[in-house]
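Chain nomenclature is as follows: A, B, C, D and E, assigned in order of appearance, with residue numbering initiated at 1 for each chain independently.
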Amino acid sequence: MAGELFIDFRMVHPLGSFRIDASFGMDRESCVLFGPSGSGKSSLLRAMAGLISPRDGYMRLGDRVLMDTSRGIFVPSELRRTSLCFQSLALFPHMTALENVGYGVRGGGEVKRRRALEWLERVHMRGLENRYPHQLSGGQRQRVAIARALAADPELLLLDEPFSALDGPLRRNLRKELRDLQRQTRIPMVYVTHNMDDVCALGDRVVIMRDGQVRGVFSGRSMWEAGRAGEVFSALGWGNLLEGRFIRSEGGWAMVGPFGEVFLGIREGLKEGPGRAFVSPEAVKPVYQDVPIQEDLRRNVFEGTVEEVLPLPSFVRLEVSVGEGRIWQVDVPRSSSFALTVREGMAALFTIPPWSVEVVGCG
Amino acid sequence: AGGGDLMVAVVFGFKPPMERIVEKYNESGVKLSVSYGTSGEIARQISMGAPYQVFICSDRRWEDFVKSKGLVKHGFEIASNPVVLWTPKGKKPLELKDLPNSKIAIPDPNTAAYGIKAREYLEKVGLWNSMVSKGMVIMGGGPQRAALVAKTGMADGAIIGCSVAKDMKEGSFVEVPVKAPVFTVLVLKGASREAEALAEFLRSRDSVKGILEDCGFIPLR
Amino acid sequence: MLDALLISLKVLAIDAPILALLGAALGWVLSRWSFRGRELLGLMLQLPVIMPPSVLGFYLLFVIAKTPGLRDMGVLFSFPAAVIGSIAPSLPLMIQSARGAFGSVDRTLEEAARVLGASRLRVFFSVTLPLCRRQLGVGLALACARALGDFGVTLMLAGNVPGSTQTLPLYIYSQVETLDFGAAHLASGLLALVGVGCLFLIRVMENGRGTLH
Amino acid sequence: MAGELFIDFRMVHPLGSFRIDASFGMDRESCVLFGPSGSGKSSLLRAMAGLISPRDGYMRLGDRVLMDTSRGIFVPSELRRTSLCFQSLALFPHMTALENVGYGVRGGGEVKRRRALEWLERVHMRGLENRYPHQLSGGQRQRVAIARALAADPELLLLDEPFSALDGPLRRNLRKELRDLQRQTRIPMVYVTHNMDDVCALGDRVVIMRDGQVRGVFSGRSMWEAGRAGEVFSALGWGNLLEGRFIRSEGGWAMVGPFGEVFLGIREGLKEGPGRAFVSPEAVKPVYQDVPIQEDLRRNVFEGTVEEVLPLPSFVRLEVSVGEGRIWQVDVPRSSSFALTVREGMAALFTIPPWSVEVVGCG
Amino acid sequence: MLDALLISLKVLAIDAPILALLGAALGWVLSRWSFRGRELLGLMLQLPVIMPPSVLGFYLLFVIAKTPGLRDMGVLFSFPAAVIGSIAPSLPLMIQSARGAFGSVDRTLEEAARVLGASRLRVFFSVTLPLCRRQLGVGLALACARALGDFGVTLMLAGNVPGSTQTLPLYIYSQVETLDFGAAHLASGLLALVGVGCLFLIRVMENGRGTLH
C-alpha cells in the first residue's frame, strides 16, 4: 500500500481457528476501523500496540519501523508510544481515576497530577477523580479509560469503541473534542466503532474489516462523492446494495437480479454483464394509490411487506421484504402522510427513481 | 558462636547438671558456649565438621560413630544414669512386680537409649511380648515423652533415666536392675588447650560430683 | 528466654525480606517464564516442605559442609545458619503462594500499563505487585510463621547454643526435653504472641492502602 | 404511581456521596431507561434484581411483593426470577459460551443444552458455542450475555446496555428479535440504552433518569404525538429546547429568552409568562442569500457560526452557535445546496418557521 | 520401609479430603462471614504453624489426654493419632490459602449466578469454587506436603510403632537413629518421590478442565 503514508501496517496471524490477514496504511489522520462483531478489529489494534506478536508482520510509524518479522524487529509495547484504549477498559482497580489517568503521563508529581486533572476535566469527570473504578458507573469508567489513553501523549492513538457506553450529548461532545484534538496535534488515530455517526465524524479514512481481512479503505471525503457513496455505505452495512447483471433495456439500461429488474434510465459508460449498484434508503419512495405516478417511476414499482417500522426523530425507517427474502431499507420523512399510516405487516407499493440508482461497479 | 568461645555439645539428658557446671566454670574466665541436642544430632553434626571441641554423649552407638570417623582425641566416662520406673504424683507408686498389670510408657525401644534399656529389662523378665501384644506398652520418642504420657494419666508409669525422674520434681521411682547407660565426655579432634582444661575439670571428681549426684547421676571416677 | 526471643526476632527480621524477595522472585519466574522443566523445578522446590525438618536439616548440612566455597564461609553452627535453617523449609511456602498470586493477576492490566509506556519493572511494581499484594501477604504470613516456628532444620545447621543460635522454638524444645514445663509454657505463650503479632502486622501492611477491588 | 400497573418500584439508597431516590411503574411492556452516564441506571437495575438492598424500597412484580422494607420483605435474587444482563457482562470465565447460556435454564442435560444452543443461534453465535469468553470478541461476549439472560426464562428482564458493542445490521436484527420476543411473551423488560434508535424501537415506555432520580416517564406512543414529542426529545437530549417567556407580539405570540425572540404565529390557549418550547433540528432552515424569504420566516432569521458539520448518510447535522453560547442543532437534507457548501467556522443565516415551534409547557 | 510408605499413604488419603473440606470451609467462613473476632480467630488458627511441631504435639497430647471424651476414644498412640498429628500443623496452611482464594473471586460473577436463579449452594459449587480451584489447589498441595512430611507432632501423639503409626518420616528418623543411613537415604528418596507425585497429581487435577481465564 502507498509507501509514502505515515503509517504502514501489515500482519498475518492465526488466533485459534480464526486468522487475521490484514494490511492498510494511513496518514496523520483519524482512521475509523469498521466491521462486524468478531471481524478482528480489536486484535488488529492489539497488534499495532505490540501486544500481539504476529507470525508475519510489518509496521512503520513515521520513520520508525516498529515491527518487521522478516528482519526480526519487534519494538515492545512500552517503547512504541502508542496508546490503546481497551474495549474492556482495563482500568487499574487499585488506583483512583486520577492515578489511572496519570499513569502514562511523563514527568513527576505535580506535573502528572495537573495533567491528569486536566484530562479528567476534559472528559467531564471533575469531582470524581478520587473514586476507584468500582465506584464509577460504566460510562464514567469509559471516560477514565479515554482520558488515560490521551494523557499519555502518544504518537499513535488506538481507541477500541471508546464511546460505546456514553450517551448522546456527552458522546457528541467528546467526539468533537477528540476530533479537534486530532486536528490540532495531528496524532494519527485509529478508532474502532460500530456507530455510523462516529464514522462520519471521525473517518478521515475508513477501513472496513470482515473475517480478519481488510475489505476496503476509503478516504472519508469519498464517502460523499457521487459514485463512491454507494460503495462506502454498502460496505458499512447501510442502504441497499444490488448485485446482478446490467442489461440494455427499452429506453436505457436496467439491472436484473434476484430482486427483479430495476430500470436505470440512460447511462453512459456501462457495459453489459455482472455488476453492483446502490440505492440509498431515502431514495426508495412509497407510492400513493391516489397520486398519479411519473412515467419513469412506474417501471420500478414493486410491492413489499413492511416488516419493521422504526420511528426515528427525523424520519421513519422501514424494513420492507419482497418475495423470497430480499429486504429493502426505506427511510420516509416523518412529515409524509405515508409515515403516519404505515403499520408493520402491511403490504405497500414502493418505487425507485431510476436516476437515484448509483452504479458501484461493473464488469 | 561468638569469637573464641569454647564450643561444647551436650545431650539433652545432661542439660540440668551442665547448666550448673557452666555457671561454676565461668569463674575460670573461659566462656563456654553449649549446644544441646540428642546424641544422634550432635554426632551427625560433628561428622559434618561441626566446630565442637567437647561432646558429652549418652549413647554408645553414636559415640562409636564419631570415633569411627576418627574425630575423637580421647574420652572418659563421667557418670551413669540408672534406669528407673517412675510413677507420677497422685498414683500408687509402682513396684517392679506391678509391671505385668500396668500400662507403662517407654522411650523408643529401637532408637532411644532408655527405650532400649527398658525393652532389654522387659525381655529379660519375659514380659515384653505379652505386654506389647496387650497394648500395655506405649512407646516412641524420648524420655520426656514417656514421662509426659505417664503424667497425663495415659500410662501408669514410665521407664526413664533417673535424672529425668528427678527433674520431674514429683512422683516417685524405683530403680530398674539393668546396666545403667553411661555418659561419656569426648574430647574432639582439634581441641584447644581450653578444651583440654575443661575436660580435666570434668574429670576431677571434686568439681562436679555434687552437682551430678544432685541431678540423679552416679559419678564414675 | 529473652535471649531466645531476641534471636528469633533477629532471625525473622532477616528472614522476612529474604522470603519476600527471593520467594516472590522464584514464584514469579515459575508463573511467568515458560521453560523446559518448569513444572519439575516447581515440584523440586516444594521438596523442603515434604521432608521432615531434621532430615532436611541433615541434607542441607551435608550439602553445605561438602561444598568447598560454602563450607569455608563459616556459616554453619552460627547465627547465619539459623537464618538459613529457618528459610529453607519456609521458602517453598512463599514460592508456591507467590506463584499462585502472580498467576491470578489479569494480564490485560499489565498490557495496559506497558502500552502506556511503563517499563517491565514499573509494570511489576505499580500494577502486578499491588494487584496481588494481598495474596503475597498471605503467603508471606505463612512463610514467616513457618520460619519463626522452625526448629528441626535450625537445630541441625546451627546447633542449639543459648545466646547465639538458640531461637525461641529451640529454647522451648530444650525446656521440654528436660521437662521444664513451666519455662516451656511461658516461652510457648511468648512465641504465640510474637507469631500472632507478626501475622497481624502483615495483615495490616497488606490492607495498608485501603480496599482493593 | 399507578397502582394497577404490573410493576411498582420505589427505592431510596445512598451510594457513597451519590443518592438514588427513584420510583416508577410499568406494565408487561418494554421500558427504556434513559439517562446520562452516572445517573444511576445500572444501580436501579441492580436493585430490581435484588443485588442492592436499598435502605428504603418497595417492589411489586405482578402480585408478588419482592421487596418492602417497611415490612421487612426482601426476596433474594435467586428467587426473583429476574434476569439481569450486566453492563460488565459478568460472563463466567470458566464456562464455554454454551455453558454460560445454559446456566440459568431450568431442566436437565439435554433440554438445557438444546435450549442454550437455540438461544446462541438466535444471537448469531452458532459455531462459537464451545469457546471460552476470553476467546471471543467484545461483541460476541455481549451476545452470550444477552442469550444467557434470555435463556433463563425470566419474569422480568433487565438489560443494561446490551447492544453497546454491536454493529448496525446485527444490532438492528437482535433488537427486532428482542422486541418480537417481548411482544410474544409479554415479559416485562427494562432496557438501559444511550441509543436513540433503541429508544424508538423498544420504548413502549421511556423512563428518564438524572442524578439518581426519575425525571420523567413517557409512553412510547406519546413520543410521536404532536405536542408531546418536544418534551420527550428534549428530555432525551435531542433537538432544541427553548426556555423563556411567552409574550404577545405583533401578529400573534412570541417567546423571548436568552436566545433572543422567536415568533410563534397565532396560537390558542397560550398564557403570557414563563414557558418552554421545542424546535426539532430539521425545522431550522438555512437561509439562502439569493432566494427571497417568506414574510413569516423573516421575523425568525438569526445569524450563527457553524461549529460542527457532521455529514450523516441521510442528512448533514450542524451545530450552530449564536452569541454567548447558545447552540442550535440543525439538520439539513443532503440534497440541499447548503449541505454542499457549508464549512465549519462559517457564518450563516438560519430561520425557524413559526408553525414548527412546539410549545412544551407554559405557566 | 514399604510398611511405612503404606501408612504414610493411608494417612495422606485420609488427610487430603479432611484438609480440603475442613480447610476450605474454615477459609470460606473467614473470608465471607463477618463476625466479631474474625481477625482474632484467623490469627489463632495460624498458631499451629508457628509452634515447633514437637511442642505442638506436646500441647495436643495434653489436651487430648485431659479431655474426658477425647481421651476415652482411644485415638492416642494409634493410627488415628497419626492422622490428627499430621493434620494439625497442615490445616492452617489450607485455611490461610483458602481464605485468600475465596477472597479473590469476583463477586459480580456470584451475583450473576444468583440472578440466574442459582441457590447459594449451586453458586458456590458452580461459580465460586471453580474460579478459585487453582488457588485452592495450591493451598491443598502445600497442606498435603506438610502433612506428608510431618514428624514431630505425629511422634508425640502416635509414637513410632512400626506397622501401625510409623509413617515414612518416622521411619527415616528411626533409621537415622539406628545409624542405618543407607535405608534413611532410600526412604528419603521414596518420600520425595511420593511427595512430588502427590503434588503433581494435585496439579493435574486442578488443571483438569483446561485453561482458565
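As a convention for this text, contacts are C-beta pairs under 8 Å (C-beta built on N, C-alpha and C of every residue); 3 or more make two chains touch, one makes a residue touch a chain.
Since we're looking at a predicted model, the values are computed, not measured.
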| item | value |
| --- | --- |
| Topological distance between chain B and chain D, in contact steps | 2 |
| Chains contacting each of chain D and chain E, listed by label | none |
| Chain pair with more C-beta contacts, B-C versus B-E | B-C |
| Separation of mean Cα positions, chain E and chain C [Å, integer] | 19 |
| Computed distance of Cα centres, chain C from chain A, in Å | 56 |
| Where chain A and chain D are represented by their mean Cα positions, the distance between them in whole Å | 22 |
| Shared interface positions of chain D, touching two or more other chains | 88 |
| In chain E, residues with contacts to at least two other chains | 58, 106, 173, 176, 213 |
| In chain B, residues with contacts to at least two other chains | 44, 148 |
| Pairs of chains found to touch, sorted by chain label | A-C, A-D, B-C, B-E, C-E, D-E |
| Parts of chain B lying in touch with chain C, wherever the complex brings them together | 1-2, 7, 9, 12, 15-16, 33-37, 41, 44-45, 48-52, 142, 144, 147-148, 164, 167-168 |
| Footprint of chain C on chain E - complex, ascending | 39, 43-44, 46-47, 49-55, 58-59, 92-93, 96-97, 99-100, 103-104, 106, 134-135, 138, 141-142, 145-146, 148-152, 169, 172-173, 176, 184, 188, 191-192, 195-196, 199-200, 203, 213 |
| Residues on chain B engaged by chain E in the complex (per definition of touch) | 40, 44, 61-62, 65, 108, 110-112, 138-141, 145, 148-149, 152-154 |
| Parts of chain E lying in touch with chain D, wherever the complex brings them together | 106, 108-109, 111-120, 123, 126-127, 130-131, 209, 211-213 |
| Footprint of chain E on chain D - complex, ascending | 49-51, 76-84, 86, 88, 90-94, 103-104, 106, 132-134, 148, 152 |
